[in-house]
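The data blocks that follow each hold one structure.
Next come two complexes built around chain A: one with chain B, the other with chain C.
Here is the complex of A and B:
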């Protein structure tokens, strides 16, 4: 029973990360209809920026986190402006390829600057605590709490502020939003900033527990796609629910079945679901 | 409609002659190896071009099908089956798995298809690294035998021990694949591929079975990938999971895009130009992929037709200008 609870706890922790990363991805996909294949790599870069600002420059964990999230927001804006905006009117296939280009760029950027060796961010809260028979470090608990706070904050932003409403308006009807005087380009840039920033938060919360490596974004990015497609493109509740579900499936599947093949389950489930329903579980019919 | 001007034909003939005579003027074994690998990559990239360029379906599992061909030949030849049987059977296995995967996934469109194929590619890569009994796990399979000699009447036999003979074998495969693709793409049936790419609902409404068209393109492209992979295993003598990895898919993608999507010479040019460029940029070390990532973005934004497409457009402009001049001078003399 203890082992089971421990696995569930780990699943919720990973699920928190997945939920945040998928949230950022679903925003971008809902708004621009562009699958940003490089989203996982934004997560990776966020982790490295925390290392850079927190450890190399010496701002410490919390200041480093704030600066790295802000810096990733700028990276997101640049990405939208340089890579995706020029491709707005071109066939979609070109945007996928540009996304693969940015993925290769970001991964080799991290490789060049920080090397292929795994890096460790000093864990600010390594103390262990025990709750209901589960032994865990405070940092792990922080991942879960941080995710809940971020999701709640983002929800309030989307529902209660004008800026959030403009994002939703563009997602629903691009032309209609333009007609009401919304600057679609600015909304796109802002969405990219939020998307990259949330990825940086996820990386900052999780990276004191695991090593940083340039390749860590690839698989995570793909999992975020799995979640977004299962939950429906552009659906925020779908991304959150899917994130926690995938975290639990992996923790239990990896713990009880086979650790080496745990990613195969997730990706296999995606292929199966898209085979049966080609537009995703909650996806609308395409035009 | 599809006839080429005479100087283009001469250019192709010159390239063919240069390729046939290559062993005489490239003595360096290392460069020779790179050229042979480029030929195989050109074969695989041409297969990807059929699906991606001509039919417009972004497949991101091409490395996986290349890997199936490679592992197929490796496992079968190690089990004692001769190469000449193992190669087509491996390519057929890749095509068959392509059919099984294509049947459900080709119902999806655009981004969904790209993601599904990417996920499938990653699954194949993970399985090839973990199914130790079949694939040898992360170490892969070593000591794959070279193809057995072919007896030729009145001549003795053709042996495949030297690098040169493997080079000619790869070249023959490339020419065969290019010829097959040429016949396929420029046939009436091949036009349906492009119709599906350009406007799927329209193609559907004029009576093209778009689903079957996409499926045929996908299966044929993966057959070619498997063929290239099988050759790779025999030439390298070893395969490891990186021969089935998704990074390989991205390499093929770079070859196709930078060389020129939806042109037959494009992927071949890409597969030769880029590894050569990489060799020249050896001193840049890890910076190379950084440059290629950025290059991919720049090319897709400003030159979506790639190198070959760009050259063709330039050629057309020059020809148009020349014609204009001729007609102008004609008017003046009259």
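Here is the complex of A and C:
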């Protein structure tokens, strides 16, 4: 029983990260109509910026986190402006190629600046606590709580404010949004800022527990795609639910069967779910 | 209020609108007639800024608008209610309407007033305010599209074929509501229609568009009695 609870806890922790990253990916996908392949790499860069501001410059964990999230918001805006906006009226394949280009750029950038060696961010809360028979560090608990707060905040923003509603409006009908007086370019930039900023939050929460490496974005980016497809393209609840589901599948599969195969469980679940429900768990039919 | 001077618009290299000049004054109710493919939608999309004219100028209240992005034209009070409606299918009716008032954002009192006004105009929208727009029938979607366009208190409304695909009875209701918007809310309306009969009964005057060129214009009685219009658009 203890093992089970421990694995569920780990699953929820990884799921929290997956949910945030997939949420950011799904938001931008609604706006661009293509997946931003570089999204996982924004996550990676967010982790390195925390290392830079928090450790190298010495702002400490919390100030470093705030500054790196803000900086990633700016990176998101720049990415929209420089990489994707000029391709707005071009065939989708161009944006695909641009996405792959940005991914390679970001990974090489991290490699050149910080090297290929894994870096460690000092864990601000390494103390262990015990709840309901689960032993965990406070930082791990913080990942879960931080994710819940972030997702709830984003939900309120999207549902309760008119600015948040413009994101859904542009995703559902770009021209319709223009005709109601929405500045579609500004909404795209804002969505990219949110997407990159939330990826940085996820990275900042998790990176004191795991090492930073330039390649960590690629794996996470791939998983975020799995989640977005699993949850249903463009569905926000799907991305959140899918994120936690994938975290749990990996943790339980890894804990009980074999940790070496945890990615097999993740992608196996994807194939299984899509063969039963091709639109994904929360996929909406076109109306 | 709206003035087009020698406007030409191309779509992927094909000239769709040829040398159109026209003028609409404040408070007028004007029809744009033409058969399918005559260029009515392209002309409206050009005026609204979705497409840019290759040459020529478009002025609204004396300011050139043909280089402005769509949202800036909306802010000036010129709103297109597009063909195909362009609603937000997965948002509720009320969200769609509130987004229509985006240029007034922050002004809660005015938004609420406009919401009440369009609910009064289209009571069915009030009944179904929490329903997703995509679940509506064609007629209801058209009402929602017009209501959404009215939410920002436009000075001038471009209505692109509001009767298309609607049952004859609904077309008549729609015509009444549109006249109402022109007379009581003092909104200038430019209405494009294939249904010349309906359009000429409610508007003051009209233009006839053929193959992207303006071939005829005049007041409605004149157009109704014109041999060519009768043959081509009224079928009598």
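Note that in this section the second predicted complex is superposed on the first by the 267 of 287 C-alpha atoms of A that agree within 3 Å, B and C clash if a C-alpha of one lies under 4 Å from a C-alpha of the other, contacts with A are read in each partner's own complex, and residues count from 1 in each chain.
Heads up, the rule we're going with is that a residue touches a chain if its C-beta (ideal position, glycine included) is under 8 Å from a C-beta of that chain, and two chains touch if they have at least 3 such contacts.
Not measured: the values here are computed from a predicted model.
Judged by the touch definition given at the top, the superposed model places A:112 against chain B, while chain C stays out of reach. In the overlay built on the shared chain, the residue A:56 is in contact with neither chain B nor chain C. Residue contacts after overlaying the shared chain place A:93 against chain B, while chain C stays out of touching range. When the two complexes are overlaid on their common chain A, residue A:176 makes contact with chain C while staying clear of chain B. Of the two partner chains, chain B is the only one that A:104 touches; chain C does not reach it.
For chain A in complex with chain C, the touching residues are 162-163, 165-166, 168-169, 172-173, 175-184, 284, 287. For chain B in complex with chain A, the touching residues are 52, 56, 58, 101, 104-105, 107-112, 114-116, 118-120, 122-123, 126-127, 130, 246, 250, 253, 257, 286-290, 292-297, 300-301, 304. Within the complex, the chain C residues that touch chain A are 48, 50, 69-71, 74-75, 79-82, 85-91, 95, 98-100, 102-103, 105, 132, 134-135, 148-149, 151-152.
Within the complex formed with chain B, the chain A residues making contact are 29, 33-35, 37, 82-83, 86-87, 90-94, 96-98, 100-109, 111-112, 218-219, 222, 225-226, 229, 260-261, 263-264, 267-268, 270-271, 274-276, 278-280, 286.
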